[in-house]
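These are the structures in question, set out in turn.
You will see two complexes here that share chain A, one where it goes with chain B and one where it goes with chain C.
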Partner chain A sequence: MTAASLDTTAKTSAERGALARARLLRGLLPALSLALVLLAIAWLNPRAISYFGFSLMLNLAIPIALATIAQMFVIAGNELDLSIGTFVGFVGCVTATWLKDAPLIGVVILLGSIGIYALLGALIHLRNLPSIVVTLGMSFVWQGLAILVLPKPGGKAPDWLLAIMSFKPPFIPFPIIAALLIGLVVHFGLMRTSYGVILRGSGGNPAALKRAGWSLLRTKIVLFALAGLFGVLSGMALIGITTSADANIGNGYTLLAIAGVILGGGEFVGGRVSPIGAVIGALTLALAASPLLTFMHIPPDWQVAANGAILIIVLAARVLISRKER
Partner chain B sequence: MILVKSLAGKPWVWSFLGALLVWLATIAFTGGYGAGGMVTAALSLAVFTVIVGVGQMFVITLGPGNVDLSLPANIGLASAVAMKVMAGSDSMIVVGLLAALACGAAIGAVNYLLIWALRIPPIIATLSASFIIQSIDISYGRGLQIKPPPGFADFTNWQILGVPVLALLTVLFTIGAAIAMQRMIYGRSVLAIGQNIRAAWLAGVNVGRIRFLTYTLSGALGGIDGALLAGYFRGANVDIGNEYLLASIAVVVIGGTSVAGGKANVPGVWGAALFLVLLLTMLNTFGVSAGVRLLLTGLIIVGVITAAGGEKAVR
Partner chain C sequence: MPEGNADIIGLSGAEKHFGAANVDIIRLDGAEKHFGAVRALGGVDFHVGPGECVGLVGHNGAGKSTLMHMVAGTLAPDSGKIGVHGGIEDNYSVSRAQKLGIRCVFQELSLCPNLSVAENTRINHAALSGLGWRRRAATLITAKLDEIFPDHGISAWDIVGDLSIGRRQMVEVARAFTVTQDRLDLVILDEPTSSLDAHTAGQLLAFVRRFVAAGKSCILISHVLGEVLRNADRIVVMRDGKVVVADAANAFDRDRLVTAMGGAEAHRGTMTETTKAEAGPLRVRARPARQADGKELVARAGEIIGLAGLAGHGQTDLLLAIFAAAQRIRPGIEVTAPVALVAGDRQSDGIFPQWSIAENIGIRSLARLRNGLLISPQREAELAAFWQQKIGIRTPDMNNNIFSLSGGNQQKALFARALGSDAEIVLMDDPMRGVDIGTKLEVYDLVREEARNGRTFLWYTTETEELDNCDHIYVFKNGRIVANLTRDELTEEKIIQSSFGDAA
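What follows is the complex of A and B.
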């Protein structure tokens, strides 16, 4: 970010104006892609654009958005978490069993799992390990634990969780309100507080941050702990919607979450992430994967392809815009 | 002995040592029963991981961020293509294998096209490609009940004195891959790009062409793997390649190839694949439940990488 702003000072004001427009366009891209998907849906099936339609289409948007935010924290520190999906599944299994039958033990387990995430961050930093491999191994661990907690699909969500997730506010469907809230809270924390800048800086320029006296060990621990926290929230939200759990329930979330972050304008290196973009990216993916596509003449065989195609189209649009930025 | 000393210096020795330890632990548990059969079974299963592992290794060696996530979808589609082209007749085996190879290579080429044209990270390019391939596979392979030709099924299960022939051929293939990686201009270029892409470009390496070739190679190997899997397990299946996403990355890294790129290790892929297969056999022999098996597999992967991680700090 700082390097980019230095570049701009060296250019003429006309170039600066064009650059600012391109950057604005780039920032708006996630929102534009969401609008595009919405337009497509409205064109294919106008009745979907209603309170009920949105509630149905965005049914799973809250857990996907939370998992995407979790992945975003990891990506902000130049790492990648391949275990977030199975972690969400594990949390789901704990939520549907311990959290309902013995809330105190359930809370302890969930807090402990956030602690494990923090420890992983420390391990990756101290031993200079590739996060892809460590989290790959952890994905087996979480899945194994999930099967141990809940060998067969079943369990039941705690009543208070069901009550929260089935909340029906007037006019605006709950998933939209929740997504807005999640995006704004994380945006404030990561983009508008001083420690948020340090966290992003640990991905942008770790060497500079270290020379300035900040502990990279601590930033990595905080980023991973935040990923764990949002992973826990995602798993709980998921069970609040599906009402019961299954050890494999979250497996698809690993790749969805990565795609959501990138769709939302995040980049793999350099601490360049956007919480609001990530939430919008998650909403776009949730819409693209929604069961309503079945009613829109898109055969179920091609629903996964619709996801892939949306990713490719958005990224192609981004390339066109960043060519201008150069 | 000089041999022992020079062996100890090679990083791939450790993965074979791990495989040996796991094997010894298992036969100690069974009292020596089934020791040979276990090696045969491990060799036949490890083959499939080794083939995709080598492809993944070439891709990962290209440098940070390079990884092929489309392998599982690729394997699934190629297995369906191979079975459909062979259509259960022995005379079409070679054509079917070539079709699977071409299908995989085309997927690899499309992967690189996405990376190059959209300038997106390979992870996202191969991921979005895999979504589309998966859909094609579901639609193309729907209700596919074609059995492999008997000759092909026998070939994939053929053993001489307890040694699977497929494993022998794969050993020859990995020797070829090692020579290509360490002694040929193509492999040296891959290593150079992984160490410093800009320096490689300035030194006259055709970076675009080498990366294109590498993704195509990885795709082609995935395609062949799909055909062989369909032969070995007697039928194609959309989910046949699912476990090879994690497995292909895991064997590359456990085998001593640097995730940061520019440092490859071909023998290690074999050691790591045998290690993983034997580890599963051991846990099955011990009679642990599926949950404990996954848990221990994960902990061992994390443990191995933590133990080996110290050396990587140099880079």
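What follows is the complex of A and C.
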């Protein structure tokens, strides 16, 4: 009997060891892909690996990371937000106009848009609508509103925003510090707090959550409101870098944000997301998007296609690793 | 409950029961529930007193689950009264039930697979919040797991999705018994042992006895009648949405229970039929990947081979290896005829959820159902109709979605898929888990009949009673065959002995 139970324990620990290794590998994959892209850049152009180089290359990584986090909240609840890109564009237009000229109205509009996100969550839950349809519709609404606010490219970022985004800390470039900060804050909020568990559980097994007495309406509203909040931060950060806005400025962010979440170890269903992974995924995409391809002397015409190829390779590697896990 | 008594003095009707000295934890009077035109419960009176374990048995569809959903607060009755601790509950709900100390372990697993064991514990306890909640949750669930399943081997930080189905059930059960700020008086266990092996099931049932001895109560729902007979103080039998018998457990025996449930006649002993004459042609010869010695599994035409041992000790792996070997030659495994598999986890491995019953049955036989490039709907319907007749799938129309069937009938459809195919070898991966006794007995008969006609069955089961149907039993431990018993040698003790003995 003793021998038997010892044997069982030995088997379990070996089993667990293998599982833990596979999980670690999955957890490290986003970091590995980032390291790979960095190595490639260092090899192609060693001078890029410097304080100034990183500040330049990762400049646009902050808004992408924030948009990715916004998408991650939506994906955590088993939904998908196809409007985050145009929403970021809309926020950018408001930031470059109202927020500078009439800050109070600007703040109200931005808070109101977060409220609309929360209402969308409620609508999707109450009417049991597919989020893809609702947010696809909303993407045209945001785009239209952005054009109304700013028919022609222009406007100007508020000075305080420019000051924040051009902050130059010693030794470590600002985008890296900002990315770390975003990752850690969201990690704590979603992965460590007791309500974060409920939010992720609503993606993992909604029926069980409901049975335990939690409101699924509330979790969906909170998740969508958080997506709206991070969408607003993303739009503001973007304008802080570009200094002026354009109604189409965020359009590419929808797919970048989805790819960032998946690249960072998230899954479309099941509430499996990783905030730190998502930020790393966003950094990888930001680096792979243009600096790497430019250093590889790939002409701009081909960069979008090359970008897609990189995505396919990295995501395929992820699938292979998770298959090994089973 | 002095204040509870004070409240109800002078109230009329049903409440009179509650004034008794021994206040019932829960009492339902005349509970009724309709789903559309279907009557799920027709005026049920049910109560649980403190310090008793009530066994609840009945066929699938007898209304047990509906009744339990009412007790747990997840369903409200159309009419009838619910009283808890002597007070009438008008707005009874899950959260109210939690506050009043009533919990339920539902049959389908209700853990979040993406969360850790500790995080899943937090979901059921609003009190686990604020600073240090993770540590408190981990301590709480680990202590309870240690108490119920001493050698569980589960860490509070394991992600539930990575645990085996048996371990998940252990976590689910342990979680229901954890206590923070709310009281705990009654735990409903709906098929708590369906995914546990004999050893852990024994640990759980022993814990239930301790729990009840300490003055708390349990409702035990199980299709393993022996479990109910041995562990319940009182047994309530349901049929067609009504309670048909309720009596002390020692007033029942197996036969009386089965008769009361109105199922097929209790016909244990019918399987001691003619022993197999001479060996048929070889169908399967397989050696588990981790087998060090020369032991191997041999199955001949017309044999029913049982795979026994503790759950998750390599039985399923071997079945899957044999299944794979039928397509591509693998070392150590010889398969001489087409193979079909009846999956154990029918929701994830067996059923095509969007398809009709007929389509679900026909998928294994597409080659035969083809007419040119297309599937002939007529032949598909013929195949489905034949098996509906033969195996007794209860549905008005085989073109209905597969989910319109009860769990037992879904499993029958999966059997029909395998038996309706050209497969000479049928692999069964514990397929009768959580299926009612009537369905089981029908399927057992069918399996024996098909075996007489020359089919070979490899049958992994966690229920020792099912092994009585087998000609030959291989006991597994740590991925190896450790014993090879014929039916005459088979006893539960022998299996447990081999399962726990030193692996040679």
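Methods note: the second predicted complex is superposed on the first by the 309 of 326 C-alpha atoms of A that agree within 3 Å, B and C clash if a C-alpha of one lies under 4 Å from a C-alpha of the other, contacts with A are read in each partner's own complex, and residues count from 1 in each chain.
Basically, a contact is a pair of C-beta atoms (placed from the backbone, for glycine too) under 8 Å apart; a residue touches a chain by one contact, two chains touch by 3 or more.
Small disclaimer: the values here were computed from a predicted structure and weren't measured.
Contact with chain C, but none with chain B, is seen for A:R272 once the two complexes are overlaid on the shared chain. Applying the stated contact rule after C-alpha superposition, one finds that A:V141 touches chain B and leaves chain C untouched.
Taking chain A as the reference chain, the count of touched residues is higher for B when chain B and chain C are set side by side.
In the superposition on chain A, contact of A:D159 is made with neither chain B nor chain C. By the touch criterion stated above, A:S194 is placed in contact with chain C alone, chain B being left untouched. In the superposition on chain A, contact is made by A:A207 with chain C only, not with chain B.
Comparing the two complexes, no residue of chain A contacts chain B in one case and chain C in the other.
Within the complex formed with chain B, the chain A residues making contact are 80, 82, 123, 127-130, 132-134, 136-148, 151, 255, 258-259, 262, 268-269, 299, 301-305, 307-309, 311-312, 315-316, 319, 322. For chain A in complex with chain C, the residues that touch the partner chain are 1, 3-5, 7-9, 11-13, 16, 19, 23, 192, 194-195, 197-198, 200-201, 203-205, 207-209, 211-214, 270-272. For chain B in complex with chain A, the touching residues are 64-65, 67, 69, 114, 117-121, 123-124, 127-132, 134-136, 138-139, 142, 246, 249-250, 253, 259-260, 289-302, 305-306, 309-310, 312-313. Interface of chain C with chain A (complex): residues 74, 93-95, 98, 106, 110-115, 119-120, 122-124, 126, 128-130, 133-134, 151, 153, 155, 158-159, 161-162, 478, 500-503.
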